[in-house]
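Order of writing sets the labels: A, B and C. Residues in every chain begin at 1.
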Amino acid sequence: MPFLRNTWYCAGWSQHVTRTPIARLILGRPVMLFRKTDGDVAAMDDACAHRFAPLHKGELDGDVITCPYHGLAYDSRGVCILNPHGDGRIPPRTQVRAYPVHELQGAVWIWPGDPALANPALIVDLDIVNNDPSRMLTGHLEMPIDYRIILDNLLDLTHTSYVHRGTFSTGGKTRDAKFESSGDYVRATYIDHDVETPPSQKPFFDEPRGDYHTYIDWHAPGILHNAIMMTRTNEDRMAGSVMKSGHIITPATEGSSHYFWYSTRNRRVEDPEIDERLRTIINRAFTQEDEPMMEACQAYMGGHGDLYELKAISLPSDEAALRVRRIMERLIAGEQQQGAKIA
Amino acid sequence: MPFLRNTWYCAGWSQHVTRTPIARLILGRPVMLFRKTDGDVAAMDDACAHRFAPLHKGELDGDVITCPYHGLAYDSRGVCILNPHGDGRIPPRTQVRAYPVHELQGAVWIWPGDPALANPALIVDLDIVNNDPSRMLTGHLEMPIDYRIILDNLLDLTHTSYVHRGTFSTGGKTRDAKFESSGDYVRATYIDHDVETPPSQKPFFDEPRGDYHTYIDWHAPGILHNAIMMTRTNEDRMAGSVMKSGHIITPATEGSSHYFWYSTRNRRVEDPEIDERLRTIINRAFTQEDEPMMEACQAYMGGHGDLYELKAISLPSDEAALRVRRIMERLIAGEQQQGAKIA
Amino acid sequence: MPFLRNTWYCAGWSQHVTRTPIARLILGRPVMLFRKTDGDVAAMDDACAHRFAPLHKGELDGDVITCPYHGLAYDSRGVCILNPHGDGRIPPRTQVRAYPVHELQGAVWIWPGDPALANPALIVDLDIVNNDPSRMLTGHLEMPIDYRIILDNLLDLTHTSYVHRGTFSTGGKTRDAKFESSGDYVRATYIDHDVETPPSQKPFFDEPRGDYHTYIDWHAPGILHNAIMMTRTNEDRMAGSVMKSGHIITPATEGSSHYFWYSTRNRRVEDPEIDERLRTIINRAFTQEDEPMMEACQAYMGGHGDLYELKAISLPSDEAALRVRRIMERLIAGEQQQGAKIA
């Protein structure tokens, strides 16, 4: 299935995009990112128009990047402005594709579709405690997993009780979700009523038991907000420990994805020890619990995430994930019909 | 070429199938095996019907296996009997394919074809000294080799003089085989008359020279009985040292195989030092002598074992191997014509 | 694109072809080479006609090679002369393909096309100082790169200023080439006028500055002569330090190549320390500077060297490389039309 193109994808966290150019695979293409002298981010194909050398290995001088192979120089819009050899002639249309980029709440967003449609107002806000991005704990994982399988995983949190026994699980073995959906938005809400406080909540919640509220919502193409709220039994869900985190999934190739995560909280906010502990538990859960499970499923499915071919059985708990698949299929089909500009 | 399906394949040695589920690739499919509370073996596809998670990583409780991803539980016939989430509804036909299994002489046999045809009487007996499986020395190797190339190798024992110089060779460089065949059975018999006792026979046979008798016979799909008998020159072939061993080849994928071997003998039977020595020599011969040679041949042939495409020259000594290929092709073609149930 | 077949390819340096048979991939086929008792080189397919075992792992006795699998013996023309088993019958046409081979100036040349056309007079002379091959410094690299990308790299020496900053670069950032071409021959000439002496010339040229003359010429299919001459400014180009070296590129597979190089010089000729220093700088330049750059370009291009598909922009400095591509395409097309005997 083609990727959705006319949408914003997260390309990285702001702090990783500096004056040293980096390469990222986005929807199957190597893209180079660097920070311009004015502080904005430039993004363009990471392949010289001449012989396709990786531009990110070249030298950046001001906003001009010089190809490391034969020295062609490009401005930050991807236009070749210097051929250092011979008479210096530059053939017409010697340029690499540049991409619209926008930064918001500490993340860099890239638009791989038609640049004319790239409206920054369409970027989905992150769901952050106190709306203060300065306190976000963030991470970037590269996973050998089709983005659709990662979305399935995140949108069916009944897996927590089995896959995340050592980390996020509340100990209960059954979960019941309520689903809401409107437009290109889906939410699944879970309440684990009067359960033992799971290990992940202990630093923030002193009681041995309580209500464990979770919601996860999805916005196209792969932005998931995940809030976990632990309260005394029957208290209002915002009254206790609140963690708002996010999973932002960007396809790297057809079978692999960037997994950007962030985590914010309302308790022990300025505590680096807690930061470290959370980072450890999150990385463990995502890479040692989720990833091997998804990898085994993907291997069985032949290396991709198409469920229908293999006639997978679906359960009521898959409702959010199936809605998301249907919405994505509709969006992609619509774009294909309109003949979207393909990256 | 498709695999033969309506036949029994060895899936493992009995002692390796326990209460801890294991996964084995059989004819290209991952199969899970475990021992039930009644002592019988259960075999089913190693992929949950829901999202294809590997069931063998789940928990076995009684004869019920719980999927490690979202907790669906299956009985030993592969039928889903519990959905722990929401209202617990289980969609119709939520089950994984189970396979007929039978144990005989210390080996577990699985039938990947039409279950209605799975008659345990069709399992080929192993050829064991004194018919006492309790004294079998056994091993299991996984080889990156098409089963047809392994059968070719075993059915043309003229390779012994070249490939197994350090292990099984009698020192002679020429061998002459007699062939017999009837139905789905082929035998090649070799006599090395009045030769030096090879290293492998020295623990069992005191004389420096003698007659070295070998027969190897094949039963569909990949069961080979191999007897080696060393006698004083011109003595009856059962009068001296007798080793009856077997090679049981089960396709794992199109280009790789399970290689189950056993070895029984009539001399120094209860001697663990000899067991260890035999195990070492067998593993060395199979993995360091046969396997690299077969791997090089398979690589040249493009990763599979089809001889005809490349117009291989055949010799009189290939007669047994060629008969086996023809029988297998006939059996597979017959099955395909009848529209065998495909795993 | 098919390979050019009716031409001589370098298969190795003479000193590496000995009484111990070696295997080399040439145009996608494994070829075995050994030196016969009369001192000439034999070359044949490295796969027994029977079951395709690698002949180079067999025993060489006189000019007869015995297959390591079942003992068939072949003479140096590839004809099977012994079946050691049974009645010794050898089926008609039991032979492996042998190739015309010729040695010249310390290199072994092989002809993978129609043997009737294999005229040693067609072998391209190496370009050697004093025409004395005994003083050649030589090397053999195996590169995971399509030979066409290696030729592009060598025929556009404007890359030196960027890729070889630590080794061959003169420090200048611009280069201007003059091109000559006739028949199946192309030459590019560069003059870096009055430049700083580059590190690679310092052992041979005492002055801090001078003229740095380079020519590189190509002969089909992949023989490149590369002369570097450093003189005092405005002196005759042969008056100072002269290094004549060569790059001989032989396709191993569609995406990988043998890279044979040699180097000769007119100064400090009998100095093993200089030999070692040159060997180090050449290996570093080719494997740590050129190879990663070419590998990145090839990866972007999908693993092969076809420029047209991706609509690469070409510059005036690509003239030599583009002429070479056009000549090769013409030669290959001509050969295909005539129905060249395919290896």
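Convention: a residue touches a chain if its C-beta (ideal position, glycine included) is under 8 Å from a C-beta of that chain, and two chains touch if they have at least 3 such contacts.
Keep in mind the model is a prediction, meaning the values are calculated, not measured.
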Set of chains adjacent to subunit B and to subunit C:
A
Taking shared numbers over all numbers used, above half giving same and below half different, the subunit A and subunit B interface sides are different
Please compute the C-alpha centroid of subunit A, do the same for subunit B, then give the distance between them in whole Å.
47
Subunit C touches at least 2 other chains through residues none
Across the complex, what residues on subunit B touch subunit A?
30, 47, 49-54, 57, 66-72, 80, 83-87, 89, 91, 93-94
Help me check something: in the complex, which residues belonging to subunit C touch subunit A?
152, 156, 158-159, 161-163, 173-177, 293, 296-297, 300-301, 307, 310, 312-318
